[in-house]
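Residue numbering begins at 1 within each chain, and the chains themselves are lettered A, B, C, D and E in the order written.
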Amino acid sequence: MPDQVFFALEVMVNGLMVGVMYALVALGFVLIFKASGIFNYAQGVMALFAALTLVGIQQGQVPFAHLINAIFGTDIHHFGWQVPALLAIVLTVLVMIGLAVLIERIVLKHLVNQEPIILFMATIGLAYFLEGVGDLMWGSDIKVMDVGLPQGISDSIDRATFDWFGYGFFIDRLDIAASIIAALLVAALIVFSQYTREGRALRAVADDHQAALSVGISLRFIWVLVWSIAGFVALVAGIMWGAKSGVQFSLSLIALKALPVLMLGGFTSIPGAIVGGLIIGMGEKLFEFIVGPLVGGATENWFAYVLALLFLVFRPQGLFGEKIIERV
Amino acid sequence: MTRLTTLALGAALAAGPALADLVFPDLSYRTGPYAAGGIPFSDGYQDYFALVNARDGGIGGVPARVVECETAYNTEKGVECYEATKGEGALVYQPLSTGITYQLIPKVQADGIPLHTMGYGRTSAANGEVFSHVFNYPANYWDAASVAISYLSGENGGDLTGKKITLLYHNSAYGKEPIRTLEELAAKHGYELTTIAVDHPGQEQGSQWLRIRRERPDYVIMWGWGVMNQVAIQEAANIRFPMENFIGNWWAGAEHDVTPAGAAANGYKSLNMNRVVDYPVFDDIRTYVVEAGNAAGDGSNVGSVLYTRGMYAAMLAVEAAKTAQEIHGVADIDAGMMRDGMEALEMTAAKMEALGMPGIGPEFSVTCQNHGGSGLGLVQQWDAAAGTWTPLTDFIAPDDAVIDPLIAADSEAFAAENGITPGCAES
Amino acid sequence: MFYREAGDFKTRYADDAQSFPIAFDRYRYYAVMVLALGVVPFIVNDYWANAVLLPFLIWSVAAIGLNILTGYCGQVSLGTGGFMAVGAFACYKLMTAFPGLNIGIVVLLSGGVTAGVGVLFGLPSLRIKGFYLAVATLAAQFFLVWLFNRVPWFYNYSASGQISAPERTVFGVPVTGPNTDAWATYLFCLVFLIGAAWLARNLTRGAVGRSWMAIRDMDIAAEIIGVNPLRAKLTAFMVSSFLVGIAGALFFSVYLGAVEVGEAFGIQKSFLVLFMVIIGGLGSIFGSMAGAAFMVLLPVFLKNLLVGGLGWDTALAAHFELVIVGGLIIFFLIVEPHGLARLWELAKEKLRLWPFPH
Amino acid sequence: MSIPRLLARNVDAYGSEPAYREKDLGIWQVWSWSEAAAEIEALALGFLTLGAQPGDTIAILGRNRPALYWAMVAAQRVGAVPVPLYQDSVAEEIAFVLDHCEARFVVAGDQEQVDKLIDVKDDLPVLAHIVYLDPRGLRKYDHTHLTAYATLQDAGRAARDDLMPELVRRTDGLGPDDTCVMLYTSGTTGKPKGVVLSNRNIIETAKNSAEFDRLRRDEEVLAYLPMAWVGDFIFSIGQAMWCGFCVNCPESEDTMMTDLREIGPTYYFAPPRVFESQLTSVMIRMEDAGALKKWLFDRFMALARRVGGPILDGAPVAASDRLAYRLGDLLVYGPLKNTLGFSRVRVGYTAGEAIGPEIFDFYRSLGINLKQLYGQTEASVFITQQRDGEVRSDTVGTPTPGVELRIDESREVFYRSPGVFVRYHKNPESTASTKDGEGWVATGDAGFIEEGTGHLRIIDRAKDVGAMADGSLFAPKFVENKLKFYPDILEAVVFGNGRDRCCAFINIDLTAVGNWAERNNIAYSSYQELSQHPRVLDTIAGHVAAVNDSIAGDEMLSGCRIHRFLVLHKELDADDGELTRTRKVRRRIIEDKFSDLITALYDGSDRVSTVTEVTYEDGRKGAISATLEIRDVIPAPADRMAAQ
Amino acid sequence: MNVARNVAGEVTADGRTLGGTLMDLRNITLRFGGVTAIKDISFDIREGEIRAIIGPNGAGKSSMLNVISGFYNPQEGEVWFRGDRRGPMRPYQVARLGIARTFQNIALFDGMSVLDNIMTGRLTHTRSGLLDQAIWWGKAQREENAHREKVEEIIDFLEIQRIRKTPVGRLPYGLKKRVELARALAAEPKLLLLDEPMAGMNVEEKEDMSRYILDVNDEFGTTVALIEHDMGVVMDLSDRVVVMDYGRKIGDGTPSEVRNNQAVIDAYLGVAHD
């Protein structure tokens, strides 16, 4: 039954594409964990916040309009202008950098040297906070993300594959775009970390906090830097996922999809995030395709975790994590 | 400071009922994953009461008071809201959440406060002999499934034999509701049913839609809520599934469900329990409520699908209250009287016309045996260019022959489990 | 300030190791018990029971359970919601399969079932540590919820997958079902909380607790001094799940009465309990209760303040609530990363030293 | 009547009630009266196995522990005389006492004490056997003359059947005039003297004093004072046996304060310097308190100063003040007493030296019934005591029941009582010079009985009371005490006997002054540097001037005003022989040692350089040199200066 | 069956009598990946002796101690303990055989008080099960009190009464070392392993610690094996010394023998070490 095989292949390819989307989210986690040892649960909410901000700016929404109206009895909603997508993206990046600075100033500075779980909890607090602020700022209705990304089936691939195999493959153009953007993003990160002073500092800190501090790298600067980058990555993820489902609260839940990716890839490895994302994406789609119908489907939520769990049992440090050598 | 704490405490202690008005709690959700659906419904619900107060001077001369309580679609918060508001003399609850409904069913039966779950909640509550205080008129999920099949049957000249129909459902109690009905109907109509579950929240439906693309069903019926709807419609567009063959239930057919997909969503259909057109009553609302600054929201939702439904729900509540006032001959009714009013509610075309919303819903009358109304529903279609939903059909009747036994079986099971003797109490 | 410790000396190890070695603390504890058992039941009403006290009691049990695992044994778990679901469904199945079985026993058995499931999901903890483990426990969370949603046997093939608790009585007084009195449900849950606290206290004060804490503080050293890590971790998972399962059973049967698994025992619940434990204080039974009180009462209080007190519209209030809760969590972590329990300890210490500053 | 007989009575009366407690292994180990009696019996039998004879001397050397108290009673039971020694004495001091009392056995606390004994054993032919309590580190020692306490008890138990009749015979043979204990007085001069006290002395005194304060069976005392000191013997053996109350021994010297707090004694004795240092630490700790606490503290302490004493004395106080005092008790006094461990003190005593009125009043104002007594080893402690309601800081109270007082024309105080000692051991001359044929004993202190109240007031040591060149009274101790009431001043030595004016040495209190320096950002690297800091000198000068003012009014003592002083560069130390072990000033020795400084004080020079020999803790000797500044407080009249 | 070389009754240089062989290590080889940390080392530890293992940094001393305490299982060679050959074991199983140790970098449980830390040393002697503990009153409590008494004796022995209830995190370094020793002693080990017990201490603290080690050996008759850098301490304390260099044994004997061993002088004493 070649059709079945082709279909399986198609599922796989689509899984890989989704995996890229997962990896995009996971990347934000990895960056922050690598540089500061913080497991940033707020990454998902940051993606939501970035996407909300982008759309809000694009549509010329007045921030905190609801609050202002409630307090002053005014009735304002929009400035009445539309901001071009590119400019809006730049502005959003600036907002995310500002957010990074604030997070460092208000939260992280006071929690230096705390146990990881405390920092983790702080990021959950941050997630609540940002969610509330995002709602207050831009409202909690669903917004349409439109930055000109293509969407829908790629006809050329459909046609080409049909010509070759007699089976038209479905690939979403958004997924293709996401893959390209993800590749560009990773390339940019590599260039940044290899060829810029800040990037090298970042790597130094990731390798060894103490050593980095002793050669005069400001940890606080690094933190702002890495949170800014994570904010940028969150924006990219927010755009991609927002284009799929509209910008709304549920966007923040994509963080949950990134966690098994992290387990699999290792918390500190960028290639791990990518490869982990691909494996998880492909794995869960294939599982849903092959086993799903037997057990009633909707397996994707847990399968990724169970896959990662089984994997970890055999390799506790993840795919690309450093081997744990126990010493006394 | 003193004021704040006393007030906070006062609220916490649920101050004694203020008898001078009719209290309609609104368990709304303006935050959380389903806020997009919760906001317009709540706006419509509240605005109608505001209209009644402003325009008619209340219900039978008694002003209505809406007590809003945020649940965030969360059952525990729903319970908290219920407990916090019931002491204020609440007449009827409209929780807009199947989960909360299930919590409240035993509680309202015990407290004697009616619960109106309009087109959601526990379907078998239509059996008023078992569920004395729960009403789910004008229609329920099983009605909806049946209406959808009836509609498709009508499209196909009355014959669905050999057709492939796929149910894409939210993997929750709500999503699973229509499965039994559709299965029964499949046996009756001879179509082939496949069900595909989407887990909460439903952001990622790639594999489900690949499957749909491969299996090429003739129709896809969707039982979704929240982000699942938007993603499904987008994915349907992505695989170029013909939108006119894609029918959502009435909780998957609002503006915000289709707008993220843009033009690609054009032609998507959904069920509705109420007709959405520009009713005269909207002008009244704009005049008496929005412009007076008393709107629950910013007024931009007026006329949208869920706003209209919220308003419809409020209208049914007001009419039931009026009925209660007539039955008991007092203006200041209590929850028990409200229940009687709901059980004696009759919606006629003339009544709706008079209220400025002609044909907004089907005609129906509630009885002790039937708390579920007529079960009629219509099909509407999204016009992406105009940005409006257009009613395609008139109200379609469900297949009661299939549904009634299901309701009887389920409600009897509940009665047995909870030691309820079915019957109509003398009220 | 109120402490009078002079003359309070111990002549036996048992006295020295008792839960409240200081007389004043002991009296306060007795007072709280008298209040909780002897006064509150007579004045509690529906609102206080259902909106405040029941959730507080039940979440306290869950938080004590998680605290044993996370606070005492150092194994971070995000599977609490899933384990509560196990407790709830076990309770439902037992209630419907054995209608004559006393509900108290049913709840305990539910805890037992959960303990077994917990041990199963605790096995990976031998290999997986830290955040990897935390994320791995999410597998339990998602899988269990999916399982209970998917397999109709668990919800007795009901159409919607909802489970609802039939009426059960204790000494003839209904504690589940629609016709319960506030005081009865309150007392029923209170008994379990007291039992949970007692169990947790006993286990954490002795050898088992020390082996947990040794694993938590330095697992390698613990193993070298003779702690069997497998046993320590699995017992922690077992006891923790037992309590969490009891909490789940009570949550379903007494508090909500009807439950849909994905909604009632979702991932948010796992986070909520973790919050309670951390805000309250890791490794503290009192902290678990304080954390539960904080997380249960704060939203209720804020809501009443913002909506009832200030008259804000609910949406604005709800958004602000998120901001305030998030902000407070961060604030507390900054002020006292070791939680309310530590703050309480410090306050106690201050009072003991009063009027001296140190 | 004897101590062993009281023990037997207590066993009968309160057999299972606690008799001894010791903080050991983390908890308070308890022995009931019967258990303690069994332990004592076993040890006494053990002594018999060692061949102890009536009249033998058994020395006890170690910190306060129940087992050592039992050793004393066990010694009595075999007819021997217990001689407790100061545990911090150096080997030579121990050797002297052991030689003098011809001790045949020593019961030592631990390895440290055993080591000291072994060092000197060869010079002590009579010393036959050493019994040690704590076996730690002694396993490898030659055990021919060394036995563990427990081993000895085991031996005693094993030989019970054989020796019991003999033990019973000896115990029953004890009478009121048999020696109960022999205590060595530290003595401000010369070698220690062994004061022989009979059972009558001890028991009569214990009885009288216990009745005086209505001591009960349920008192709690903390035994922490040196066992060789008569006070400890009276409290922990005499009164404890008489009343049947429980004696609590701390875990170690380090944990004394914690243990005090845990036990919360109801009957408590401490020398003034203990109260003084506690008050100093209270004040220092309060310095760091927040504004609110400080305000509360200051406010309520002011109230307490006003009404606390009267309330304690049962004097009438306004109801509002009483109420405020209650509140203060809740907020300040109660917690304060609690942290100090004084919550339960019913009767507290201080003696040995004069206590500063502020210090005394401070404790009394908190509601602690702190009183003064006046006593001596030779009197089995009690000569005068303050009666409840008649407590003042400047007197030492009225005679204890059974005591007669007499003041002779040289102002020396004499007494006669049932507690008067039998004799000085092997020192009939001293005995004769101290105790006359009628039983009157010279205290060596000068004092007078106050008109009207009958309270005794002590001025100074009789031999230290001298005359100035102009014939006016010179009472250095009186002035020194007034100076020492300032927390900054640890010790003061006033000179002036036979001279035309008084001058003084001052020792600063490193804790108090150091704390003050820290607060005022004054850097210093050594005690010496701090002692010579100009601002320190200014402060001290202020204190001296204030003391002068207070004396000026007293016609009898106005000649003792201090004209010049210097602050010493080292702390006066018992190791250097400048103080006695009980920290009394050895005036003669100081005069010799620092003669150069005294000369400088009187020759008008502004500063003086000196070199002083010191002994370090490890026994090494060294020398420190310093230049000290001399301050004038009362400027010398110009003509006198010119005349010199 | 005791097949180890039994030399009971042999008398050491300072006149103490040594017991039979407690532990015998035969041809131990330990590799990490490609690196060989220990090459074919054999030596024994006799009952009641103080056995030192010395050598320059990286000589494999700690690895050797880790082999003894079961933290590493050697690839080759045999470990005999109390006459039985020990197969591959988890460290906690080794601990239960009666081998306790301290760590080079203090490994106390920071979240617990001193008392609780030392009580963990009693875990190998705990008999009451989970259910007993859960009920507490009765067996568990009795056992707890018995352990407490034992631990208090050790607290007394090491003179740390004052800090009994202090959280270990607040203690200064020297005291932490002492608490760690107390924890090891609480297990009443047959063999006590000390990994650089005096590292980072000043002279006074070292003297104290030496005193305690000797007292432990003397009072409890505990066999001690220790690694120490301070040669003076090693020579004073130990009965016999094993010298290691680059994973090999280069000397073994009494302190004076070792001191005069040319190979040792060349390899170790001759070169500067930290």
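Just so it is clear, a contact is a pair of C-beta atoms (placed from the backbone, for glycine too) under 8 Å apart; a residue touches a chain by one contact, two chains touch by 3 or more.
Just so we're on the same page, UniProt names per chain: A, C = Branched-chain amino acid ABC transporter permease; B = ABC transporter permease; D = Long-chain fatty acid--CoA ligase; E = ABC transporter ATP-binding protein.
This structure is a prediction, so every number in the text was calculated from the model and none was measured.
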item	value
If a chain touches chain A and chain B (ABC transporter permease) alike, it appears here	C
Chain pair with the higher count of C-beta pairs in contact (C-D, B-C)	B-C
Chain nearest the global centroid, as defined over all protein CA atoms shown	C
Most remote chain, CA-based centroid, reference being chain B (ABC transporter permease)	D
Chain separated most widely from chain A, comparing mean CA positions	D
Distance from chain D to chain C - Cα centre to Cα centre, in angstrom	57
Centroid spacing, where centroids are CA-atom means, of chain A and chain C in whole angstrom	32
Rounded Å distance, chain D centre to chain E centre (Cα mean)	47
Chain A-chain D separation of Cα centroids, rounded to whole Å	76
Multi-chain contact residues (two or more partners), chain B (ABC transporter permease)	30-31, 39, 171, 199-200
Residue numbers of chain D (touch at least two other chains)	26-27
Shared-contact residues (touching 2 or more other chains) in chain C	12-13, 16, 146, 149, 220-221, 224, 313, 315, 319, 322
Contact set on chain C toward chain E in their complex	12-14, 16-17, 199, 202-203, 205-211, 213-214, 216-218, 220-229, 235, 239, 283
Residues of chain C defined as touching chain D within the complex	1, 3-13, 15-16, 353-358
Chain A-touching residues of chain C, taken from the complex the two chains share	70, 76, 124, 127-132, 134-136, 138-139, 141-143, 145-146, 149-150, 220-221, 224, 267, 271, 274-275, 278-279, 282, 312-313, 315-316, 319-330, 333-334, 337
Complex interface listing, chain D residues touching chain C	21, 26-30, 220, 261-264, 282, 285-286, 288-290, 293, 296-297, 330-332, 334-339, 341-344
Interfacial residue positions of chain C with respect to chain B (ABC transporter permease) in the complex	46-47, 50-51, 55, 96, 146, 149, 158-162, 164, 166-167, 177-179, 255-260, 262-264, 266, 299-301, 303-305, 307-310, 313-315, 317-319, 322
